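First the structure, then my questions, so here it is.
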Amino acid sequence: MPQTYNYDQYNVSFPQDGVAVVEINRADAMNAFTPNMILNIGKIFNQLATDEDCRAIVLTGAGDKAFTAGLDLKQTSLAGSGGKDSARTMISELRPLLLSFQNAVTQAEKCLKPIISVMHGYSFGMAIDLTTATDIRICTSDVKLSVKEVDIGLAADVGSLSRLVKIVGSMSWVKDICCSARIFGADEALRQGLVSAVYKDKKEALAAALKLAGLIASKSPVAVQSTKEILNYSVDHPIEHGLRYTAAWNSGALQTADIPEAVKASLTKTTPRFAKL
Amino acid sequence: MPQTYNYDQYNVSFPQDGVAVVEINRADAMNAFTPNMILNIGKIFNQLATDEDCRAIVLTGAGDKAFTAGLDLKQTSLAGSGGKDSARTMISELRPLLLSFQNAVTQAEKCLKPIISVMHGYSFGMAIDLTTATDIRICTSDVKLSVKEVDIGLAADVGSLSRLVKIVGSMSWVKDICCSARIFGADEALRQGLVSAVYKDKKEALAAALKLAGLIASKSPVAVQSTKEILNYSVDHPIEHGLRYTAAWNSGALQTADIPEAVKASLTKTTPRFAKL
Amino acid sequence: MPQTYNYDQYNVSFPQDGVAVVEINRADAMNAFTPNMILNIGKIFNQLATDEDCRAIVLTGAGDKAFTAGLDLKQTSLAGSGGKDSARTMISELRPLLLSFQNAVTQAEKCLKPIISVMHGYSFGMAIDLTTATDIRICTSDVKLSVKEVDIGLAADVGSLSRLVKIVGSMSWVKDICCSARIFGADEALRQGLVSAVYKDKKEALAAALKLAGLIASKSPVAVQSTKEILNYSVDHPIEHGLRYTAAWNSGALQTADIPEAVKASLTKTTPRFAKL
Amino acid sequence: MPQTYNYDQYNVSFPQDGVAVVEINRADAMNAFTPNMILNIGKIFNQLATDEDCRAIVLTGAGDKAFTAGLDLKQTSLAGSGGKDSARTMISELRPLLLSFQNAVTQAEKCLKPIISVMHGYSFGMAIDLTTATDIRICTSDVKLSVKEVDIGLAADVGSLSRLVKIVGSMSWVKDICCSARIFGADEALRQGLVSAVYKDKKEALAAALKLAGLIASKSPVAVQSTKEILNYSVDHPIEHGLRYTAAWNSGALQTADIPEAVKASLTKTTPRFAKL
Amino acid sequence: MPQTYNYDQYNVSFPQDGVAVVEINRADAMNAFTPNMILNIGKIFNQLATDEDCRAIVLTGAGDKAFTAGLDLKQTSLAGSGGKDSARTMISELRPLLLSFQNAVTQAEKCLKPIISVMHGYSFGMAIDLTTATDIRICTSDVKLSVKEVDIGLAADVGSLSRLVKIVGSMSWVKDICCSARIFGADEALRQGLVSAVYKDKKEALAAALKLAGLIASKSPVAVQSTKEILNYSVDHPIEHGLRYTAAWNSGALQTADIPEAVKASLTKTTPRFAKL
Amino acid sequence: MPQTYNYDQYNVSFPQDGVAVVEINRADAMNAFTPNMILNIGKIFNQLATDEDCRAIVLTGAGDKAFTAGLDLKQTSLAGSGGKDSARTMISELRPLLLSFQNAVTQAEKCLKPIISVMHGYSFGMAIDLTTATDIRICTSDVKLSVKEVDIGLAADVGSLSRLVKIVGSMSWVKDICCSARIFGADEALRQGLVSAVYKDKKEALAAALKLAGLIASKSPVAVQSTKEILNYSVDHPIEHGLRYTAAWNSGALQTADIPEAVKASLTKTTPRFAKL
């Protein structure tokens, strides 16, 4: 029986076999994130992680205007509740808040199903925090991207800074956009490798994301999920430790029925069928 | 009262509010670096780090011909003073010399104010060592870049090799330029992400650098300096440790008056005013 | 007296001074790798590492069709020999097999002479595992590249995943190609930095590789080999540790006769002559 | 209003100001851990982490016989549910189970209030997994300790192995006890540094733990919690990174009212009063 | 059919089921190591690693006088062959030599069967290099231990320094013995945790080693080998990465027939029988 | 010509060949550290690092009462100068202050000559910060040790926490003393490995320190300094990286005249003479 997903201001649907679409659904507020929405996106990825019907995920934002305009400043207190010395505010309020936000976003990494983010329109602040924790980023030609946090007086702290330095090549560019908070577009994002494809508009981008998700969902889920986990481990470790982790992982994972199934399908030019995972 | 900067063969000026320009001033020798000049650039960044009037820095070279032609080989002994066995030369002379050069260059990272390097003309050897330790690199269309050390019989040891692998994406390209010492130009540097912008000539490049520095200087200095530090920490650590450092840092830094000031300015469409830092 | 190289299905030649060419020589099977061929390529790099006549290496595949089509599945058992519980298969068969394959490929890194890979035609699976462990990658305009493993039901485990995240900049692209196993071409490989140059066909690509190898071979071998080692160390360590390793290494390496030789040649506009290494 | 703690098979009490006592309460089964009990201990530490009335924690087991005899094998499936290939069992069942157990135990580290474990009687398997994640370990003279997992056919995987190598000095001893699963006593545990004190019986050990917890609870909570976090960070990082983290943390934490309060109390020989945290 | 072991100056025997004894057999030279003997000990551990009849290993030295007096200086050239500049000697001779020695010793770690070293009499230099790479160290009451290298003008470079800091707790003591090269005895070694047991003489120590090896050999080899590997991985990584590696490893290893066998044996008070590994 | 050492509140003398004694000389204030004294101790170690007449160092405190009572709270502002928001105080005042103190203490590690600390009487706070950065710690039987910082409302931030976890074995004990700030004595310090020897009183302890320093000073300085550097590098890196660093270092350092000198002296039973370093 399929799982149900009830989370405020999100739609989760399965438009095609094995592919989940997570839509941020607060278009009237440019999909701005309330604290609760941040925690919920973590719960959604967490649930999808163990949903056998899900093999790949597309993340999108409702409406035409924005993937997300970022954090909803009116509903988020970054200052603490007051009445304490600043060390207490630091330790008992702000740090736990930041850790909980970071932890929610990190669920995108922990979920072994690949996540494709489709950014359109305003994609500020949390848009970068969130999508840099996903696997593949594509966008529309009219996207307006920005690591916006400096403009409201803070360094980005829900992941953008710690992840951008790992997922794009040019540190000169990363420091430029992070220190200036300037808005940049699809061409620049593509050239710098932040996104790996650009499409005319949201409709085409979503179609492309679904197609890619469908392709991934048609592969052996053992192979795909192992690949995501090993890539994520490797980016954070010396090469030799990445290799050692790979050997530990794959000496178990190679014992799957998917390999003979895939090889047989390849020889007989048929479509392989892989059991759920 | 503004600080004064008196360092041989450097000019330090403040052409606009919050922006320091550091000029390597040895044009008659193509701005080649003597050992003393290397130590001095470290002292300059060190002083700027605590100069409240400085919020962003532009690094340039005097004259039309060169940002810097590299190390001044006539004034630098890479061989030790002689009369010792090679282990003694290694431990008591060459290693301390290298560490002192590396340490000077690393001050560019330790200074939390963003540094924009403007490379023009000959930009060899030390040019790469030094600018890879700065934050943002731009250049002129006629720049001649080279990791030149192999041509004089040594591996680059003042930072180029250890930093290039972190600040540009393509290891194939890094190894090509570092093993061949070949000269490459602005287009290639831009395509590979070594620089993030190219301008027609030095005048335009400097103007662009000043404009970008001015933009950064207009932002909250708490936000900007926190951003630089967290990016530098993150590039050297696994993502989860970058996040943990970010949480420790920002749970203190969020308690700044700059956030309400920035938010208020944003809502009222006014220009925020941030206290010195 | 020159060393001899006798390895099944490889040709090793020295077409020009200081340059070795290693040719995968199993064109009738699209240069597909048997387990023995994987172990042998490690031995070849290992032997070249200490061959004084070798200063740079070009790696190519025989025939017009393929650099290599990947692992020869008919001759490789990824399933274990059977008759054991899955933990025993994991620990006593698959893990040692994977470690031995990984170790062979890693010899490309341990050999301090730069290796230039020339990919043409089909370059699948092992092609990526192997060339990502070499230093410089170039290809022909008709190359067909793929991290193909997912298509046969497994995550790449001979190095592609652990190395791709370090040698190209865009994680979005890496995850796209690794999770989808899709075939991509020369333009995309160049744009993403997987290769640093593209040539019309195999003949031109080989010529270019030989020229670059010849250029590198003409430099101080102390300088070149030190550069490779320091780059490889630095990519796996924080910048400050890369610098500390560099200082340890170079305080010994700077005591070479190559530096005065190189400097003298530079001043007198003559060609330097460097002793073997 | 004090928080309430309702968790199956645990008692949480506050016998003295600022000190929580967590008692594993399943004496009729030698306090053996069911999967649910593992998850709950994580939730308890998690709740205590933000409970202002808690400044230090004592962890103990009910009854005379055992701190805990380890995992309750009858209620824990380590084999997976069957009906899948072994790779699927690995990825979709066993790994998530292990991660959830590890995560629960790790909450002892994430909670910034120091935890003192009091081990008595049988203290096998989970006893080591759990207490090695706490801060201070003491025991009774009759304690029977064992890293017992090898005796049931597996390597300890809820933390004992990864933590023992960090919290005691002698690797020879760690490998001895972990590979042999032999039972050892209080003297050996004390000599090797696994525990830092031994008491005659449970009553005396609990009294000593409460006294130490009370002492810690009387100190500045800003100081104590900062100390725990910095020690935990430092054990996992190079010294220089531990120092850098310390500087980031303390440059915020030093701005506490506790320092003047502590200094004043010291000068006036009075008892300082620190606000809650 | 049992494997055979023919290595100059070593005896390898199997005095009891599952236990291999490796004896350094050059008593007339105090078991001093020639370069060939260093390489051979690596090959022996390598062969034992895949020998199904071996589940635990005891390492000892022939004769009454010495486990080993260290490197045989008469047969080892630490100076290079001469006729080269010092950088060439460094890169082409000494570094490869050191790497080959280190690699041989490291095979003790890579072999997943626990190795118990029994040191008696003179145990200098290589004795520490070698045994610190093994798992459990015991010694006789008359042992004479020394990190002797400083006395012949060099820092220990075959592993003692890099491993001592990980396998004993007191850095003050490590630096004392390493910088002074002083000889110390069994009591000190035991108190500092370098050895985990001391016996009256070689006969008793060997008997104890065989007994412990026999005990380990009676356990599930899946459990024992997994334990060694996870401990070795964990000592070199942050706790959270040790845990992640453990989860990857054990989610495969838990699918062994040894767990039900061990549990059944425990319930029925019978002796479990574990298949070879 | 011998160097001179003029630093306020320190005496530096050379009572025997190759041995420097650094005495903290503020007995009337229990050798409490002012900020200037912290910076100066860094400068002293820095100068000794390149003083050829110094091969080993003894660190002691003047007077009978104390090695040092810790930071002089009356002369140190831990609160910032006021008049700023807390983020500005953090970034522009407290963090630079902490970094400068940490950097001074770290000079004890960077100086390659072994430093022996002799603690007597009150040895609180800075005593631990400072001596944990030195190499060998010994003490008198009446020493009163304490990580005292928690008692004045802060976590130790000049190195004690980041170093204690690396230099002693028992984490349980480290957390006990750091969270409770309790005073402990010589026996406990010895048992836990914080010190490696205890002597009756200051006179005997100093004599022993001088004797050990003299022994170290009589060894090859190439060997001794290489040993210290490799140990310090290794404690902060995985074993394999420690080995790789060792190979880089020693392939240069082995080319010293000290090895033949030491070997010859050993064979001829004479005293070797090593050139200065």
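Per-chain numbering from 1; labels A, B, C, D, E and F assigned in written order.
The rule is short, and it goes like this: a contact is a pair of C-beta atoms (placed from the backbone, for glycine too) under 8 Å apart; a residue touches a chain by one contact, two chains touch by 3 or more.
A quick note: this is a predicted structure, and the numbers were derived from the prediction, not measured.
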* To do: Just tell me the minimum hop count from chain E to chain F, counting one hop per pair of touching chains.
  => 1
* Give the chain pair, either A-D or B-C, that is connected by more C-beta contacts. => B-C
* Using the average of all C-alpha atoms in each chain as its centre, how far is it in Å between chain B and chain E? -> 47
* Structure fact -> Taking each chain's centre as the mean of its CA atoms, chain A sits from chain C at a distance in Å of 32
* Asked: So, what's the distance in Å between the C-alpha centres of chain F and chain C?
  -> 46
* Among the residues of chain A, which are close enough to touch at least two other chains? -> 86, 90-91, 166, 168-170, 192-193, 222, 226, 235, 237-238, 240-241, 248-249, 251-256, 258
* chain F to chain B touching residues, read off their complex -> 49-50, 52, 84-88, 90-92, 96, 112, 222, 225-226, 252-258, 275, 277
* To do: Spell out the part of chain D that touches chain F in their complex, as residue ranges.
  => 114, 135-138, 166-170, 192-196, 212, 215-216, 219-220, 222-224, 226-228, 230-231, 234-235, 238-240, 242-243, 246-256, 258-263, 266, 274
* **Residues of chain F that touch chain C when the two form their complex** => 233, 237, 241, 244-245, 248-249, 251-253, 255
* For the chain E and chain F complex, residues of the former touching the latter -> 73, 78-80, 86, 89-91, 93-95, 98-99, 102, 106, 109, 149-157, 159, 161-166, 168-176, 178-182, 192-193, 235-237
